[in-house]
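Each chain carries a letter (A, B, C and D) given by its place in the written order, and its residues are counted from 1.
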């Protein structure tokens, strides 16, 4: 069993690890797609195009990016209310994400879901959820299927610190450990559940340490360091594919925007804290790393930035132009038989 | 925080601790009352006087006895399907326990409950439960009340190893720890949940070790050693009364009869295992200790045995003679207003 | 009389009860300093601190179970679910524990437990934040189920709920929270089991639930123009249900429609229909009709969301249809 | 034809399906080597091992959530709850997750999930082992609810349940488990949504649920002596509900009684009554009546237990009363 200490050591290693150019640029690009898409969604929310909730992933992009870089379309991701980043990183197009938040028929959930219900099983995005914690159990179940079916596919749950004190965490991790399921548990510990600090919800804020209780490896990584996440997830996913069972990865990170658009940003946390984390923004940090290591020039990075800008503009236009769902379809697919 | 190691040391200490004569005889008597009452219930079950389930506590008497010896009637105990021993130790009379299992109007639940629903709030027996695990949360809630009401009362949950992998364990212990509630969690680890071995339900069978995860003290004791249980519970309850918060005590013990009367005893466990534990029977062991330490002579012990025998015979006769509940009362007390 | 919003009126009820009874405490996520996602507890933390305004981890089952134990031992918990959808993880603690403790203890235990949260379809809340679930708690013994629709009732019924020794579901439709209405200054309560006849009429009785009361009242004037006089009844509490008031009205009108945005099967409308048939069959000039939301999870997008719950034109049409029979 | 018990017939159905589809697995407590508290899986562990007969920790929410995820990813879980009462901790996973996945994914996901367990009052099981809860799942969209009453139906409907891509509640009344009945040797299934007319009659229709089918049939001969001819309908699946068969019968008899041991409010009886009134008002010669268990937790002691559910004399009397109106 890997100890937390080992896990932390692997962070240190990770930042020294050099990824190849191709991987690096892909990670950079993916984080930027998420960031720009979220920024666009925040603007669209303010402009009134998003009728429901909108929880952005800004500040946490390194997590989804670093983990999903190892996943294939037939691996299964189960996510939360803060799931845009997971969906994008798992391969859902910007078009279909924006269109979904707009409530359009072309959205990845055909307008049925919005921000908290992004479904694209064709690329292994098995859904985000408006309820905290079920994703943990469902990813465990995906692991169960993949083991029973004798494949090397993996199930991945993304969840916040808020889910850690929920019974589903306890039950899910225990079952995954005792049955050695190919499941990856990714906790994005951003220190708050809405406005309630993690510190007031538990005496033990060290999430990775909890893995040992169930008998699975627990690793804590800097969730704002995409290389660290990439490295830890890579190890865990290889182990899972090889039959080595589940892993818990705690990514220590921060959301720099309010819990949801339209909510207040501070009050429950200090402006200094927010600023300190903004200074640790995973994207410029990694961009600088990419350039410093000579993997890409500033021009090349700018080029990616421009492509991403176009991609988001295209996605927005697509969402704007898309039709509304037909009310006559409101009753479709409640049952498998159609009725 | 007390470590598990400390906890185990306190076991060792405990067996060397000499209790006073009065306490010792009370513990002996209490264990014997439970044992003889259970034996009677088993016989009555076979004779057809108990229409529903009957889960005996035989082999585990030291746990309820050692813990409840420290409790006052205004402390609150919440228990499980295997709760006869807890009820008796908390002060419910043999008469009312036997009558309840017989389904008589004079039973502690007026015949409404049977084996799995023993209620006597007037002595702090807040109920046994046919559902595994809610007792953990309810005892946490009692702790919440007692703290809010600024009393020194404590809430106590008894539960089996089977409840440990349930989300209620996780949620309850976390809340009790973070809010420092006067609650005692007593896990009776008898190694099986019905016929499923604890070893196949989790990779971590060391229940006491789990306390650290939530930031509360965890202690493992020999649950067949009433002195060890008495000592550990005493410390934990004093701490709780003094505002020092909750404790988890794991009592390693064994049920020597089937899960419930009428079920098979072996098949899922070996006869050797059962016999080995029978050899560790808490009652003769403690009787020998009492005599060896000169606290009571064999005659005095025999005298207690005889009193207990009479008590059980009286309880049985009482149950036999008691009336059935009046069907016209079946709808009473669904609501506080009576309607 | 002064006007308050539904939220402000309910808040006042909670604040008054907490001031007079120190054994009341509230648990929920963000109900401490934050004052609640729906401003249910604004300002109370400053008065009463964390023990009585307890921010919880996200463990609905856990804190409901805790509150069950607390209610058994001398305190009076109020669970603030924010959205009532989050109650589902706590169903075991409610159905098998809270609802049965008084019965199993032959009344020696009480269960003063309030379970409050927002219900209803609206505002693109999507399928995990649009539930109601009232009918489930009506089905099962042991619960009181309160669905106020005016600020006056919100305050008066919340006070009654907090004082009740039974587990009470207090369900607040999110589209009613900002509606205003008269609320007197002084102390008052509204009892359980008394329906309110919101509008007198002679041709047809409409029993409407939650937001549907407002939507039904909106179409009544139009129907008067058409010569249809509608009596509108808001049960206010669906357990206990004031069936007498409904039957009295049906005795007068001979026709009954139940409008409820939740799912039809085995719901309040079916229960009212069955009871009215049972007790007033001969009064009925036409079959009792129901108008419900459609049998599907609640979708997000506006055109879909609007299609799954009764809208005023559909309500008006359903009333016309019942009258035409 | 050979006779099997209800349990043996259902077991055969499960065994056949597991033999033909390796993606089916069962989870539950003691369903591995032990073969299930109610012998639901006897012998299957030896054939298929722990991965397909999975003994679980006592974490109903957890293993139901696991099965939801499994059903989304290519396998076909069967959850064996032993007693259906234990389903309550998993309500969130069922109502908000299992029942909504197909809808939210516009049919791209399937949810082949069977939830089986024993229901019903009897044998001094007391309040935590006597529940039914069918009406809750009928109320909510997304579920199939199956309540077989004969060995033939138990096998045929379990096979249909396992093959269904919807979440199915498969509810087995514990007092029916040992009843015997004919079961053919060869392959067959029983479709959802087809009621069975267990007894033909002309004076009154009785729709009975679960054990009440048997109890009702027991009194029919006596009633014939009294000149009352009873038609007894067993819906077999209550979601979907075969209302057409019921209405056809009421068209003939003009009278309807629903007998269900579970709580009356917002239950299947109310739904049947409301639908029959809605669609066959003019056929009714008397109001539809319901006979249900009383609205209380289930007590343990025999005299109390017998008092809370309909017994044959009460059923006979309710039938006489409906006919007399």
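The working rule: contacts are C-beta pairs under 8 Å (C-beta built on N, C-alpha and C of every residue); 3 or more make two chains touch, one makes a residue touch a chain.
Computed from a predicted structure; not experimentally measured.
Colleague: What's the farthest chain from subunit B if centres are computed as the mean of the Cα atoms?
Modeller: Computed centres place A farthest from subunit B.
Colleague: More contacting C-beta pairs: A-C or A-D?
Modeller: When the contacts at A-D and A-C are counted, A-D has more.
Colleague: Can you work out the whole-Å distance between the CA centroids of subunit B and subunit C?
Modeller: For subunit B versus subunit C, the centre distance works out to 41 Å.
Colleague: Could you tell me the distance, in whole angstrom, between the mean C-alpha positions of subunit A and subunit C?
Modeller: Each chain's C-alpha centroid was found; their separation is 37 Å.
Colleague: Return the distance between the CA-based centres of subunit A and subunit B, expressed in whole Å.
Modeller: 45
Colleague: Can you list the subunit C residues in contact with two or more other chains?
Modeller: Within subunit C, the residues that touch at least two other chains are 56-57, 59, 61-62, 85, 89, 92, 96, 103-104, 127-128, 141-142, 295-297, 299.
Colleague: Of all the residues in subunit B, which ones touch at least 2 other chains?
Modeller: 109, 112-113, 117, 129-131, 165-168, 170-171, 174, 178, 200-202, 334
Colleague: Once bound in the complex, which stretches of subunit A touch subunit D?
Modeller: These residues of subunit A touch subunit D: 76, 78, 109-110, 112-113, 117, 119, 121-122, 126-127, 129-131, 134, 136-149, 153, 155, 167-168, 170-172, 174-175, 178-179, 332-337, 339.
Colleague: Please give the residue numbers of subunit A that touch subunit B in the complex, ascending.
Modeller: Against subunit B, subunit A makes touches at 165-171, 174, 177-178, 200-204, 209-210, 213-216.
Colleague: Per the contact definition, I'd like the list of subunit C residues that touch subunit A in the complex.
Modeller: 29-30, 32-34, 37, 55-59, 61-62, 85-86, 89, 123-129, 294-297, 299-304, 306-308
Colleague: Residues of subunit C touching subunit D in their complex?
Modeller: 61, 85, 88-89, 91-92, 95-96, 99-100, 103-104, 127-128, 135-136, 138-142, 239, 241, 263, 265-271, 273-274, 277-278, 281, 286-290, 295-297, 299
Colleague: Which positions of subunit C touch subunit B when the two form their complex?
Modeller: Subunit C reaches subunit B through residues 23, 25, 51-52, 54, 56-57, 59, 61-75, 77, 92-93, 96-97, 101-111, 141-142, 144, 164-166, 240.
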